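Each of the two complexes below includes subunit A, the first together with subunit B, the second together with subunit C.
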Partner chain A sequence: MSERWIGKSVKRVEDFRLLTGRGTFIDDHPPVGNVHHAAIVRSRHAHARILGYDVSKALAADGVVAVITGEDVAKETKPFAVGVTTPVHYYCAATDKARFVGEPVAVVVARDRYLAEDAAELVEVAYEPLPAVIDPEKALEPDAPVLHEKAGTNLAGHRRLVYGDPDRAFREAEVVLRERFRFPKYGSTPIETYGIIARWELDGVCTVWSNFMGPFIMHPLTARVLGLAENKLRFIVPPDIGGSFGIKTSIYPYIALIALASKHAGVPVKWIEDRREHLLASSSGTDRIAYREVAAKTDGTVLGMRFKWLDNVGGYIRSPEPGCSFRPTGNFVGPYRFQHLEVDASVVMTNKSLTGPNRGYACGHLYFETEGMMDRLAEKLGLDPVELRRRNLLRPEQFPYRTPTGGYYDSGDYPATLDKAIGIARYDELRREQAKARAAGRWFGIGVALAVDPSVSNMGYVATALDPQFRAKPEYLPKSGAVDSATIKVDPLGRVTAILGTTPQGQGHQTIVAQIVADELGLTPDDVTVVDEMDTFTRVWSISSGTYSSRFGSVGTSAVALAARKLRAKLVDYAAHLMERPVADVEFRDGAVRPRAGKGPSYSVKDLAGRAHWNTESLPEGMEPGLQATAVFGFTVSKAVDAEDRVNSSNTYGFIAEVMAVEVDRQTAAIRILKYVTVHDAGTIINPMIAEGQIYGGALHGLGGALYEELKYDEDGQFLTGTFMDYLVPTASEAPAEIEIAHVVSPSPLTPLGSKGLGESSSMTVPAVIANAVSDALAPLGLRITELPMTPSSLWHLIRDAQKT
Partner chain B sequence: MKPAKFEYHAPSTLDEAIALLVRYGGDAKVLAGGQSLVPLLNFRLARPAALVDLNRIRALAYIRDENGLVRFGAMTRQRTIEFSPVVARRLPLLREATRWVGHLPIRSRGTIGGSIAHADPSAEYPAVLTALDGEVVARGPKGERTLAPAALFETYLTTTLAADEVLTEVRLPAMPEGAGWAFEEFARRHGDFAIVGVAAALWRGGGRVTARLATAGAGPVPRRLSECEQILERDGLGDAAIEAAARRASELVEPDTDLHASADYRRHLAGVLTARALRRARETARG
Partner chain C sequence: MADVRLTVNGAAREGRCESRKLLVDFLREDLGLTGTHVGCEHGICGACTVLVDGEAARSCLMLAVQADGADITTVEGLMRDGRLHPLQEAFREHHGLQCGFCTPGMLLTALDLLRVNPAPSEDEVREGISAVLCRCTGYHGIVKAVRAAAVALAPKPG
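Up next, the complex of A and B:
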């Protein structure tokens, strides 16, 4: 039997080049002839009317070839389509008003970046400063400054979604609890910032090299804004991208801006975002104010919940927002059985930078609130938090499970996963340790958090933002889908090249794909060359293609497996023809096509490849020459949102159970993580080492949001965290000393390999589990965490105030 | 994040460096390890007409232990100090403080003179200089002068050094044999500037206790806690005296609120860290 590669911790083929500094990122792109460099002039005001520009000094400066301003943008581009019906005109740069500090207002193109930055200081923009608002609740008050006059309100969108009969659930409840939560605005800090080279050619084709991990819906959005046919806008991605975590989804307005700059300047234009720009004006998750209610019976059965959300999307609602509210629609109820839910979601515009997908897209928010409520309920009922959760968990026999909000949980064994986490953490022992610690006056806490981990978003969820009446109109076109492609070809010497429609950002796709193809074709991973480097002109792709929403582990790998199987079927057909046997009498086994029974020659892949390429006469009649296969995999469970606002917002759903123990220093209020256990059910694990890396990274990202990271503004909308001295990202030193990782495997019935996505993983649970652990530690003070991040200073103030009362 | 245009000079002698500073009449900046200045240049928060780079002046990098005084050339790297046997023996407090300075790559470039001349009140070296009654030597066109910390540190990122003066040497009296020490620091992350730091040294001699205490991060300049020292010198090193000194420390400091911590929290931390530092210093003290 040939060796199986799936399930092995195969070393990443990417690492040698990355660890020796030989990666090829966008800034390493081979020089494009006559390339010039852009510096972006940005608004210093949080909110200001733009009265005019004087670019004469900048244009006269050394090395400058062009300056474009909002006037050019307004004249020559269209606003981007947005996901709501509110008239928000979002252009790639400010045209009438600046609505957040850092919003692009002009672009200078010069011979080099130094000269461009020198000249950018000479661009004069006349502003009429206006009052700013940064808090989403204040932004909805009647006297709040309005950002978009045409909209007449800062409310970009509002939906009240009702599933089941929540009013009745709350009427019949024996216990009702309420809480207000605040979730912070933070990003991902990819080590590589945005980077773009745009070349507007005379033949009307615009070529854009960038580290965008689409094309996704942003390619057509950008083409439309630039007035280009889609097949005249070429997106090319370099071999390496230094991380995205969702953040690079939002590079597309800059692609439009730099493309326009190239068109104007008549030269190719390069722009590498610097770190200050990245912190100031790339993308982040939303900050959210949430009002939560839970209705339950005294035995702990949750009957229903109410969510009221105010999601702050900043100065404009930028697609794919309002995903901040609706991306988790299918998994709103998480891992629990309750059937009644009301979601009141307001998407609010304020004078902050814009938002978009950020690892865990809206799930960190969701579970921070839900798991916080579960702990409050347990406390209220005098139940252990694990026991309370057990009483509400979906049971294994309920899978596949249709949630009340339309989600279709494909597989899982939630109680077994929870049990495993509890077992590894030695939960009972931890509780005994806690009792001792408390008796000694220590603040020792244990937190639990559970989450359904959705992967591969179904684009259709975004329409949940629209009223059902609007969606019922004949001119409304429903949306749905989650598709990716792969091509496998065998060369004349029998080696394989796999060409992907996905765009890795460090996840190790080349390694994973080689493992899959090796298994499907009985080869070794070394026999497989994997080509990513998306090029919209040459690859097969569809509107949802790209690497976001943990798609690769689920949809990308599926396309690869199917393409390999298609090719294998062709090899079998061909070999059967050579053997002069019926196809049913031969099989593909151990890297060769062999007779099922009896003796006879067998044909290896190498052998077949040589014959097929060198002697087409040997092909059976009607067989297409060449040995290649393209598969496009799409999930059939991706359907448009229905009239009752139900939608299967993702396609595969994993599960996470975590336990964390912490101690809060009684003197400094510093949080020390003593134990952290995270157990995942992501279906088949293709490469355990890579999966582990994703979980580590996700956990650290969640820790960032919980303890360190926040993009902060003062009351006037001035940005306060523009450097890494102010915006603190956890480093290796801040990581828990040990992360105990384990898996439960419930293969997905929807994917050929049984795999699911795992890229976002613990980023969505750590804010919840650590907040619960700290709340538990501080329970003797009657304190519960409602806001993140928990900085030592803020926690100390909470504790001091609690001790005073 | 590209700096505005500047001239660059890399003299090989101190005299040349001073002459250059005079020539630019206050419009030049001295470049030492560059760990603070270079980011300021890139952010265009500093826009000098010229940089005078001291990195080629070999005579400015040394550690000398003479007559109870340890003298550091201003360009001595923090990494050198961290591993210097002289520092380990004579100034263990400085060695411990060095471990709190940034991260390894920062210490490999950063210098003792640069850190002190930059005068970030959250930095470790200014606090040690203040605690140990050190002094610095500055040289300008009119010659040399020595300055005590109180005469050097004016406020945030500001010293009394003239624009044409170079900080050339840092002098720290060697700690007596048997002295105890501790540098306690609290920061949000490893390697960050301190939210609050406390440098402490204690020794006994002639039947009496000598205490040295100074803070980082608890006001616009490093603060010597003389009143706390007096409490210990009067009442000894018992727990009660240490608690009293710690309480006094939190009353004496004058911190500000910033993004990372409130003034109240810093004040509280000054007390907590003073107590921790004193207890640890007491443990390490001999005799």
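Up next, the complex of A and C:
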């Protein structure tokens, strides 16, 4: 038996180059000569009409080769397609008005970055400042300044989604609870910022190197904006991306802007975003105001819920928004059995920076609210929060489970996963400890949070934003799908190379693919070279390609396994021909094709490769020469949204159960995490070391958003958090020292390896679990957390006010 | 323009640049040492940390001309005889990196910490490396790696 590699903590092949300073990140990349550098001029106003530009001084400055402004952008590009029918004209730079501080208004191209920045200061833009609005509720008031006159409203989109009969559920309820929540605007701030090199050639091909992470639907969108045929716009992504967490999805408008700058300058143009630009104008999740209602029976059975959301997408709605509201459509009900739900989702534009996917995309918001409501219900009914959840959890025999909103939960054992978390946390003991602590006057709290962890977005979910009547029109093209591809080839000496079109940002794809291929072909991971550099001219890709929505562990690994199996089948066919045996009499075992029974020669991969490449005459009649296989894996459960707004918005669904114990300091309001347990069911785990790394990283993103991070604005829309001194990223001293991690494995029946995604993981549960724990700690004061982040000062004020009353 | 002569990873190097040029830009652009990364350009994220005369320094807060005559160590200089430094080895062993972008600054900061405090406690490691921001790992693997490296680098008894 050859060794199995799936399930082992194989050390990463990526590490050697990254540890020795030999990675290839976008700013290290010298793909072409004569590269010039861009500096972007940005709006200082939150809301202002642009009256004109004077670029003469900038053009005369040392080293400057071109300056482009919003006028060029308006003349030579189209606005980006947006995910709603409201007429919002979103160009790659401001054309008529600036709608948030930091919005690009001009680009200067010069011999080096220093000179470009010098000249950027000489660009004069005449503005007529306009009143600004940053609060999504105020933005919907009748006298609010309107950002987009053509739209006539700041409401970019609104949907009321009804599943089951929520009105009846609320009528028949024995208990109804209501709460208002506020979720902050934060982004994962990868330490590598955006970077682009664009070369617009005279032959009409534009090549763009960038750290774009997908989805590659943005490629055709960008081609259309630039007026290029899709096969004349080449996107290349270097092998190393310095983190992303969803944020680098939203680099694509800058790709259009820098491509246009290259067209004007006649030279390749490079732009590396600086940190201030990143905080000002890259991307973040939405800030959301949520009104929640839950209807229940006195035994704790939840009958239904109502969600009312105002998601703040900033100055324009930028695709893939309004995913902020609809990405979790299939898992709106989370892990619970209730059937009746109303979702009233408003997507609002204000004078803040634009939003997009951020680790946990919309799920951090969703579970912060839902799990907060579950705790309120438990308190109201005098039930333990764990017991209340148990009474509502989906049962293992219900899987695969079709949710009322159209989700298709492929596998899981939610009660067992919760039990495991409770057991590891020694929950009952924690409760006894809490009783003692409370008696001693300490603020000690325990939080629980559960989440269905969706992976591999079905591109079709975005259409939930559109009215069913609009989707029913004959000219409307339904959307669905989530695919990935892989090619595996064997060279003449029997060496195996796997080629992917994914865009890893630290997730170790090369290592994981080597493990899978090694298992499928009876090799060791060292035998397999994995090439992972996306190039739209050479890779097999589709609109859903890329590395986002926890895709790789589910769809990417599936494509690799299928390609390896396809190749293996060819090796078996070929070897059977050489052995002059029926295919049924041979099998692939321990790295070679062997007779199923009895004696006879066996053929290793190396033997077969040599023969197949050097002597094509030896191939059976009709067999295609060459030893390679390409597989494109797609999910058949990816369907377009139906007329009742039901959609299976993701393809595989994991589960997370978490318990956290905290103590809030009575003097300083500082929160200390005493215990944190997280149990995940992501199906088959391919590399436990990498899985654990994802969980630790995801948890700290959730903690950052819950306690420290917020992109803040004053009432006039001026930006307050433009440096890492103001925007507080947790350091090692703030990170939890130990997370107790465990797994339950319910293999997915939909993927060849049984794996699901895990990348977003605890980023979506930590805001909920820590808010619940802190609420529990402060219960003696009658306080419950409704807003994040819980900075020491905000919590201190909250406590002081509660103590006064 | 100013001449800059310095020692980088044990070799004498020189270049000519504007006096306003940052040390990190000089290392990356003029000397081709792209292992040192730029993360914030305002001295908080620590990705650009190098050793200047043996001590950790932000190469985004220093001008190249200020490093004239200095002895600089960058991440490219940590390997010995084609083998990873024990600290690099520990990062690999304990999954102390994911995307690898903060890693050069993290390694040099940790090296400086271990020079000053060869046997740090967990809290001391956390405080020591809090000069560098990492968004991938939650710092867990990094803390384990630095502590393991401290053991590996400790003088063997006898």
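Annotations for the structure displayed:
Here is the rule we use: the second predicted complex is superposed on the first by the 803 of 805 C-alpha atoms of A that agree within 3 Å, B and C clash if a C-alpha of one lies under 4 Å from a C-alpha of the other, contacts with A are read in each partner's own complex, and residues count from 1 in each chain.
Basically, a residue touches a chain if its C-beta (ideal position, glycine included) is under 8 Å from a C-beta of that chain, and two chains touch if they have at least 3 such contacts.
Remember, predicted model here, so these are calculated numbers, not experimental data.
In the superposed model, A:Met725 lies in contact with both subunit B and subunit C. Within the superposed three-chain model, A:Thr668 lies in touch with subunit B and out of touch with subunit C [touch as defined at top].
By the touch criterion stated above, A:Lys712 is placed in contact with subunit B alone, subunit C being left untouched. By the document's definition of touching, of the two partners only subunit B reaches A:Asp118; subunit C does not. Touch criterion not met for A:Arg581: it reaches neither subunit B nor subunit C.
Which of subunit B and subunit C touches more residues of subunit A is settled by the count: it is C. Of the two partner chains, neither subunit B nor subunit C is touched by A:Arg565. In the superposition on chain A, contact of A:His89 is made with neither subunit B nor subunit C.
Residue contacts after overlaying the shared chain place A:Arg589 against neither subunit B nor subunit C. Look at A:Thr791: by the touch rule set out above, it reaches subunit B but stays clear of subunit C. With the contact threshold set out at the top, residues 114, 274-276, 723, 725, 731, 733 of subunit A are in contact with subunit B in one structure and with subunit C in the other. Put simply, subunit B touches subunit A in their complex at residues 1-5, 39, 43-44, 186, 188-193, 195, 259-262, 264-265, 268-269, 272. Contacts from subunit A toward subunit C in the complex involve residues 11-12, 14-23, 25, 27-28, 114, 188-193, 240-243, 245, 272, 274-276, 505-508, 689-690, 692-693, 696-701, 723-725, 729, 731-733, 735-737, 739.
Across the complex, subunit C meets subunit A through its residues 18, 20-21, 28, 33-42, 44-45, 47, 74-76, 78-79, 84, 88, 91-93, 95, 97-104, 107, 122, 125-127, 129-131, 133-143. Residues 113-114, 117-118, 121, 274-276, 667-668, 670, 708, 712, 720-721, 723, 725-726, 728, 730-731, 733-734, 791-793, 796-797 of subunit A are the ones touching subunit B in the complex.
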